[in-house]
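These notes open a run of structures that come right after.
Below are two complexes that have chain A in common, paired first with chain B and then with chain C.
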Partner chain A sequence: MRLTVWLPLAALSVIAVCGAATRPHYGGTLRVETRATPAAFDPTAPMAPLVFEALVRLDETGAPQPCLAISWQHEGASRRWQFNLRPAVKLHDGSPLTAAAVVSALQAALPGLAINANGDAVVIRAEHGISALLLDLAHTAFAGTGPFRLGAFDAGRRATFAANEDYWGGRPFLDGIEVQLGRPLRDQLVDLELGKTDIAEVAPADLRRASEHGRAVWSSAAVNLLALEFAPGRAHDARLREALALAIDRAAMHNVLLQKQGEATAALLPQWLSGYAFAFPAKPDLARAQSLAGSLPAAARALTLTYDPAVRAARALAERAAVNARDAGLAVQVAPQNAQADVRLIEVRVRSLDPARALAGLAEALGLEAPPPAATAAALYASERKLLDGYRVIPLCHLPDLYGAASRVHIFAAPAITRLGDWRFDNIWLGASPSGTAP
Partner chain B sequence: MTFRTRLLLVFALTVVTAVVFVGAIVSTTTRRAFERLNAQRVAALAAQFRQEFLRRQREIARQVKDIAEADATRDMVIALSRPDADPSVYVDAAQPLAQAHNLDFLELVSGTGSIVSSAQWPARFLYQEDWVTRRDDWDSQEPFLKREELPADTALALISVHAARVADSKMFVIGGEALDRDFLSSFVLPAGMRALLYRAPQSIIDSSGPVRQTAALTPLLDELRKGRAEVTRTVAWSSDAASAETFHAIPLIGPDNELMGAFLVGSSRAEQVGLERFLRRVEILVAAGGILLALLISFWTTARITRPVEALAAGARAVAGGDWHTQVDVRSGDEIGALAAAFNQMTRELLEQRDRLVQAERVAAWRELARRLAHELKNPLFPLQITVENLQRARASHPEQFDEVFRESTATLLAELGKLRGIVGRFSDFAKMPPPQLETVDLNGLVRDSLKLFEAQMQAAGVALRLDLAPGLRAIQADPGQLSRALQNLALNAIDAMPSGGTLSIHTAAEDSGVRLEVADTGQGLTQEECDRLFTPYYTTKTHGTGLGLAIVQSVVSDHGGKIAVRSAPGKGTTFAIDLS
Partner chain C sequence: MGGAARDLARSVAAAVQHEGCTLTVRNVSSLAPGEATEVRRVFESELKPAGQPAADIQLTISENLSQFLLVAEIRRGGEPQVLLESWPRAPSAAEAPDAAPRVTLEKKLLWEQDQPILDAAPAGDAILVLDAARVLWVQGAARQSVAIPAAHAWPRDLRGRLQASGAAFTAWLPGTVCRGAVQPGLSLECHESLEPWLLGPGALASFSQAGNFFHGHIDVEPGGVHELPPFYSAAPAGDAWVFAGADGRARIYTSTWELAGDAGQWGSDIAGIKTPCGPRILATRPASLAEPDAIQPYELAGGAAHPAGRALEFPGPITALWSAGNSATVVTHDLQTGRYAAYSLAPACGA
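== the complex of A and B ==
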């Protein structure tokens, strides 16, 4: 009899406790560390979506979703677009978001378009069809209406954010966010292990350590292109560039140094974005590389390769490239931060889910000629192939943003890191701190 | 060369020789001592190297074995033996292991020779180390030397290999230490020594890094490559001898008997050269001081030795010059002093002898004068006595003839008295010889005038006069009276020397410093003894005469500052030569 009474009660208690552990709750300050050292708060930085919002946002598939605009229509072969603003949206200073304010901000961000207010709607016109307008708008965060307000920004050192109580999507779970800027990766990992931070960037080689003791690892899509770039303006022999490109063993780099994170590639755009990256041969051709290097005078076979120590796995990748080049008969001397180096290992970020825009962005970042507009994948492939002709840029791999999250960090719904690596920390809530660690 | 100079040279030579000899002995002894000390230090350092090398071999073997036998390594072997093995998980495994075991090099190599992890060159993962799979007895092998390639260069490493085995699976643990700056820094080097490490084929380092100037070591290294045995050579780094170093090279041989490198113990010769230079400077200073001292000593010594000698020489010269009163003031008691005393004794005795001789000569002269006077006076006195006695006898015996006898006797008395007066006058003239009244005189004219008085006498004596007078003979300063008298005396002597007739030759000639007048006869000549005494007063070879004629001639010639000499031999006549200035 007694047993029949207490057993259900005990079961209910267990269920109640478990429910309390997984149920989101408000409060707490999220501590984040990053290598980035922005001189000013950049609306295009991964942390910008905490503060700034656009009319639309892209979901995980890249499809536009309502944000500050709750709906939109286009007509006239996409020459006229009308966006209906979300009502009762307030800026962080408490003022309402009006169509006039949106028009004013967009006119500065999207020159060449006719933008007007139409009541609570915003009308955008163009002489030609602007089918990619939604992508443009998704990448144009202009309004300080986000879930967090910028509290303080100490360039290169620290940034703090406070929960936006009037957020149109509802108050975020977190009371605030403290971001420590310019923190080296190794220190971030130590801080994560010691419980001194909740979220830290992680190098591929540290993934196992980062995921120990109940910690989680978050990653974006492989949006960071790691590539070798010959110093512009220097007359390096094409055979030398090709020999180096053919000597690189990308698979070993990807499998070992990057711990299979991201993808080895010989293309600029990642496979997940373009769909054709596999068509760029990534396997080494040592025999041809040796033949090309052998045709060079001895003095022309020497190169200096530099890297930025802040780039993840940069040293290991550079040294591996030097070892591969040595097999081809090239003498590559590796040194960090050498402004006079012949070749440098760079990291360039894919900033658009639209392949053409992403390729254009990469070309611009790499100092390559801007690719022509490509309406089809074949045209885009041809453009990318053309960009890579001459081996001025030798893609090595695409690497995702990797974050380690402390065990007390929980995600309520959508991922905290988007495919492009943006921070969506309004979905995060904090649980109890593990015993012995700082809150 | 003076005695003083010789003495100085002897002293200087003695000092310099002594200094050089002592310096050579000291330098040789020092050099040998340095070489002995250097050899001991090199041997000690070489022994230290061998001991350290052996210690490191053991330590490396132990560390590598520990790694291979560690549980974590065994777990790794097990994990890698699985079909789905992911060696990338262990790519960074070697570095912390190497740090934990104090190894410079550590590679974890799979049983197939693929590098799983490399501490010294992480980027070489998955590369093949085929050499490690070629033998299976690594566990019993001693650590060996290996040339280890690194990203930037090549290192010389002391390597040990141990296989970590689990069942049929294995993994090679290749660990070692670099023979590099740190290795060299572990040696305790005495001052002036250094340790270098030659790493074939070209690199040479010391404890502070690469050694840049190594060209001078090339011959040593070449010899090392050929012989592969320990070599000791002195290497000159520059023209300065102090820069030279003596190197002892210990070859480092690899497992394939390949010269992998060498341990070079360098011992600077700077200290030795510095000391040798110091000794040389001291030698020079001592030699210079010795020479200076020799100079002073020689001056002092020669002053003590040569001063009496010089005084003696000066005294001898004074005596030779006629100063017989010279006495040498030397008071030393040595041989020189005895010599000086003997010299003084000699001069004193000479003076005494001269005084006695003068006295004797004076007595002899007086005797001669007395004899001559007696002789000269006796002749007129005897006729006077006879005449007076004749007068007495005539008065007594023949008074009638007394007047006549008286006239004749008085005439004779007067004549003899005249002779007496003449004799007295000659003596008086000789005694009263006046100083010459000089005037310009034509010698040839004086000769002609003086000889005119003797023409009748010569004619009576059958003597022919032959004049050989130099024409244009320059005038001289002379007293014509005295010179004429001297010439007349010579002419009279010549006529007297030719009682049976002959030729009287008068010859004048110009000389460099004056004129010469020669008066020669063809008489019977003189002996050498007669010639020696010819100018002695009152000496004569004739039966008559006072013996003053030639004495007067010599006096006149002497008063005119001239010289007179005689040449004669028995039967060949006599020639008097007078030189006047």
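== the complex of A and C ==
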């Protein structure tokens, strides 16, 4: 059993060992709470891998591994690929997963490719080499074959999942999962402490509290970018945006407000993913910020800054940014959920283990121009550098997903939270339940 | 690695117009110190700075999931210029050569492999090994294997039992029973079946088709049929029995199948063995599957279990423990090598 926890959580993160049994129990319902309020079940959300699967999946290093395809071959300079389907896989409605069904789903998801069935295999052809096809496929979860079936989905309130008895990877230990959506972080922590939930999201400032009484803390890699984003059409003068960027004291934010979780950054991609994030200067340059602010007309030195209260530490970060800005000679007013604000504090998520795809995804989420394909680290750095030119987006820090888990929650194998923050709860089992039911 | 350092050094030299510079190097990657030193040596020899320093160069050896990166930050007054090169990471540790097996006086290594071993059993001077996909026969350097057809998906925490008798053997897996022989060649025939598993000499018990536990329905000869709480494993100790319950309790039953009490906080895998000084019970610790485990011998006396010797430590969790009469078969998952090893365990009396 491995609990993947990305530093610096290691000291806090332990697997709670209770009871006398080593072997996992079958049965029970896992209770989970989250801030997320999706309007529909999102195939790209962290909970999606409970239900959806792809032909291939990426392991923790980003390398493709078999999933619904057990093997594949390519020929003709990667122009023809054949994926051999895993036998005896059933969809959640009980029907078998066929090559024809896969072809139909992939044709909709990957337009521009010739996709055909060949017996129990799927053949994909392209006019040009498609060496990145495995990554495309790993990010195209299409089949309802996962370890859990979606039971009910009450938008913004609740989702339930039931164990897939016929799952090709073995029935999950849990009978089901109940997810409460839209729960504020503070309420989640209270519920965790009162035993009303088994897994709750945790704010960085609450990590120690969440890990008390035998509870464990789980973490993804630092996949959430917190950044200041200027609204379109606002703050036209680049000197104003640069002055704000140079005034920000990210280290203080990281050390104090975020309890040293994740990393302070001036880059879009996190260091673990790009390897070069440190090359984006993150230290404040107050003298230059003051100089830039001083060159602006007095009326142009005022900004309004807003935030979504659901973003972790949002208010504290926004207020700290305002204080930093004032030190530079800017007047920044902070108010939550102000649609007319010049700047907003946002949280956007890295959704790929491939740095180039992750950067493209962040650019899209931030409304920035799509970066060109980058085949080398140097090209990727140049693309990221270009995206940040002009200071329309000011990165502050990368934060991991943080969860507190009740002491009765155990992990059999693999991380319960992947590096990207996906839920792998099929390997979770519950220790002795209050009712003492047999497995 | 050297190529990337050379290429970057040339780019940096061009950027500083082959003037003098100061160089600082740091390694924030997992590259070994010796390799980092080599990177620096190659970079410096290619850079060949000359004259008075006109620039500061911070060279950082970094990494991401798939590559090592060499990042040069060149400072000459204004905003630093960043140049970088990269090279692919070496294959993962999972492909590293295997570590040598650990053997102690108390245990004899039967077999080890990358895939989880469910059980192993001596068959004459050969060894039979059961895993999720096959039965393997090993005799010296000779090996044969036959595949186990997967009629249905195996449950998580798959368990299996192997019993050899002469040239024949039986393998039980959840919902499946396989019978085979090692002569004239290795053969195997499997079919879906809820046939009870061999629990111990003269004892059979039904096993969950989709789980990792015995239902609690056991048939003992002599003694008849008994219904007990679900359990993970059982150990005969003379006329008495101990069951490691699925609820975490290890229960002691008398020869008349009366509950004598709890044995204590044991792990879920236990086994009974016969020794010259009487029956003993081997029990794992109540550890998690993420930490090294140990096997503690116990003696039953007065309706209670008493430690009867030193615990035998293993380098990882114990994933299977089955009685083999005068010995036991134990499978451990070495946390350092990632491999599974099956041992025959014959603790000396009074150890």
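Just so it is clear, the second predicted complex is superposed on the first by the 411 of 439 C-alpha atoms of A that agree within 3 Å, B and C clash if a C-alpha of one lies under 4 Å from a C-alpha of the other, contacts with A are read in each partner's own complex, and residues count from 1 in each chain.
What we mean here is this: contacts are C-beta pairs under 8 Å (C-beta built on N, C-alpha and C of every residue); 3 or more make two chains touch, one makes a residue touch a chain.
Every value quoted in this text rests on a predicted model; they were computed, and no experiment measured them.
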{"item": "Superposed partners chain B and chain C on chain A - clash or fit", "value": "fit"}
{"item": "Touching partner for A:Tyr381 - first (chain B), second (chain C), both, neither", "value": "second"}
{"item": "Touching partner for A:Trp272 - first (chain B), second (chain C), both, neither", "value": "second"}
{"item": "Partner touching more residues of chain A, whether chain B or chain C", "value": "C"}
{"item": "Which of chain B and chain C A:Pro309 touches, first, second, both or neither", "value": "neither"}
{"item": "Partner chain(s) touched by A:Ala252 [first = chain B, second = chain C, both, neither]", "value": "first"}
{"item": "CA minimum distance (chain B, chain C), superposed complexes, angstrom", "value": "22"}
{"item": "Chain C partner contacts - residues on chain A that touch it in the complex", "value": "1-3, 15, 17, 19-26, 61-62, 88, 165-173, 271-276, 278-279, 281, 353, 355, 376-378, 381, 385, 410-413, 426-427, 431-432, 436, 438-439"}
{"item": "Complex interface listing, chain A residues touching chain B", "value": "205, 208, 252, 255-257, 259-260, 316, 319-320, 322-323, 333-334"}
{"item": "Touching residues (chain side chain B, partner chain A) in the complex", "value": "87-89, 91-92, 121-127, 151-152"}
{"item": "Residue ranges of chain C touching chain A (in the complex, touch as defined)", "value": "28, 60, 62-69, 71, 73, 79-80, 82-86, 92, 150, 153-158, 208, 210-213, 229-230, 232, 244, 246-250, 265-269, 284-291, 293, 317-318"}
